[in-house]
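Chain nomenclature is as follows: A, B and C, assigned in order of appearance, with residue numbering initiated at 1 for each chain independently.
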């Protein structure tokens, strides 16, 4: 049996029922649904590799709302919806009248008359991004129930203040393939660590998403950061509970070294402390430009105390056999390349550069899989038809 | 016989011949063509509801030119062209070289080599928007006749200084369905009234389009506005002539109350006096920023004299049975929601909110119907094939 | 045999092997490949004229990167990829994170996971544009070889600092059709001359591309410009070598009159001296705004010395029979129309206006032909199937 049929058989056994459900946080999904997501993504990727069509829609719109900059997620979303046969329309909140006092509820319906999916990136404001996605979802749900919309578009989180499910699911698929299976991840150690960056205000969604997801697979997850660079407490609690339930471990380490010790995977990446993100959200809401400048200055000064949090060759030597898999959501701040001093040394990055590209390469298929699973009632059967 | 076949039969009887004709003003269309437009839109909407494909093109471009902001018309156009199988390309006049002295004639041809339709919004300048659309139409007509273009793209008015046909046709379809048929509209009273808004300079296209279209169906059309808020005189004359020809009535009422009295439908909406729009057009042409600021100030002060022109519960009580259908093209200025004091009270809007969403929901199908009717020679037969 | 089958037969005889090769400079292509390009474009244009589908892809992305303004190339590219069945995604370097220090190598891969073609305009910096295209090409080549990308997208030059192949190939197809065949061009004289424009800094790509391409077909190519308005010396050398190899002639004439004398074709068009472009590139790199302003002023003053370099009725009388074919890539600076004094008189332009539109009309089909030839392994067979 070839790989695709093998995946399909595994998928059918999982009996995942994801029709008409949004994808907003990985921890709202069952383990079977996450497993199914990876399998669907793998099937779609394999179809693409074999130059077979992924088309599952004849027409229909996919709408994206980017409230923050994006290159790779933007193109991953564009790629995914194109491959499935949808047309892309971006809601540009500058061009549109949304800035003129329209309610989210109304706009969500106005853009959705022929929409199958709405992808949203909203990661700037702590406490706001995921909430906004739920408001959009509630609005189209009401519209569908009340006969305004012929269909209920799915809402997909393309990065919020809490989680970044398209990224972390791609990351999970990457390590599934690297180590051979999800089962093989059991007992593997991952170091999700803060790293120095000359910028400030980077979202928390990746480290939070990683510890929220990977603790479900029996892994040893070590989170490390300098004093004061805490993540949202709720997500820490979630990671702890996940690891207990899955038979793994979750630890907060005090240093990069401690986390790297015998790690099978390292994920060194900068982020801003959640307390800073809370202050920043307040300042942004009040449009306090002086306050924002002062905060940025304060944070950069504080960041600079931790310039030694860099993933370099010496630290990599402490990982299992000196050969841990280096991961990054890209773009990385590479010392001597994209900045004077950053998250990772030039040598380490270059060694794993193509691996990080492959890691990113799963994202379009993860997004396509999310769309297929939420918009096609019996997606297992649909995939069986496409493969046959 | 099901609804679609019923509509199709009615459509075939009308023998509408709209191939290769632009859609620039509703009053350039015969009553049979307007009726046919609604029927085609209903068939397309029904197909979509039944998850059947509306695809009528294998490929081809739809081009949009938005010379003013838009969310819902932009997405309605995007939805319509996608459903029909066309690709959307927006002509962004900032990005493009059109600002560098290119003539309309040349640009119209340059963007049209593989274009099936050009949708244009140009509502800022009185005397300019509809004229511009005709220049584009003349240019592609010449290009087609002279062998520059293989096909003649249709020009569709997505709102101009005079009319807003995609909106008013959607409005007409909304009330056709609300009252059961076009015949049922005969004798029904609609109050198209000015309403207060804290902004200024809103286009005249909706009130003008409404009185220009609904006077053709034997309705009693009452137009009401404060002294000085006149519409373009030509359109008033047209509405008067229409109502005489159709056996309806057209009146200019002195107050919102008078217009609302026993009305079956109310359409309270702000607009700027056409004299103000003329002055504004001159100032914009001369790039007279101080003049524009002074005019805005003058108008807002004048507007504020009419803050009591609000559609509230008390005024709604005077309508037929207290239950007139409230209509709006959205977004409405809702008192206490989107502004302190606006066109409609919170309670009235909320009661009819979902109705206004459904009203807007006809627009993508109206636009798709316009494209089908102007680009497909025997569109009746084509629809029959799709339905079968 | 009809025209399409005639073209197809000629195409098959050429045995052009262009699969997976970028289109960056016309002089990197063999004469047979250029001939094949024209034939494929003609077949695609004929299919479109006959309302037959050009679709060769079921899905896939076409990516455009415009580092300079564009209307006609933008729409030509959009038209071409739509006709072939691809979806268009523009990489907007302002919106994206590319400005934040990402390397070209990484971004090129990140946008290419499902991409079939990348079209790039980068004509502002001398020594940079074509180089950038090659960097993108090298990056996706590496990505493909290393298993990052399932397919290797083709890179197509939509205008660079050196050449403008989609324009000049369209120009060549225009004159092929005007004179009846490529063979008929032998011995024909074309005057590629500088012309006055009130702007400055226009790219060199068109005159360079024209002399680099047309010297290969046995034509007499006369290049004329005022003292100091030199093109890149390498391209001059190339044109000279080409003309010797093809049995044509290449001359640098001292005046518009000399070049126009008995010309069969005239192509009067403004450009900036390459030495100015070099200075400008340095100033732009250093972000020297004062220097740029000073250079612009100096150049406009210098330009103004050559206001008499205008293609007018008198000069046209000196061409062969007074009836040379006037060509332009558009938009032209037309005296008394788009500027007070420009490249061409109103009368001459108006006489040839529709011809220049038709010239531009070849471009979408040239671009589509480039994509087909580089992305479809046996494109001759594929076209045979589509035609049949």
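The criterion applied here is as follows: a contact is a pair of C-beta atoms (placed from the backbone, for glycine too) under 8 Å apart; a residue touches a chain by one contact, two chains touch by 3 or more.
All values reported here derive from a predicted model rather than from experimental measurement.
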Classification of the chain B:chain C interface as same or different, half of numbers criterion: different
Cα superposition angle of chain A on its copy chain C, in degrees to the nearest 5: 120
CA centroid of chain B to CA centroid of chain C, Å: 41
Junction residues of chain A, two or more chains touched: 87
Residues of chain C that touch chain B when the two form their complex: 45, 48-49, 51, 53-55, 66, 69-72, 74-76, 78-80, 82-85, 87-88, 330-331, 333, 337-339, 353-354, 357-358, 360-361, 363-364
Contact set on chain B toward chain C in their complex: 58-61, 63, 87, 89, 91, 95-98, 100-103, 106-107, 109-111, 113-115, 143, 146-151
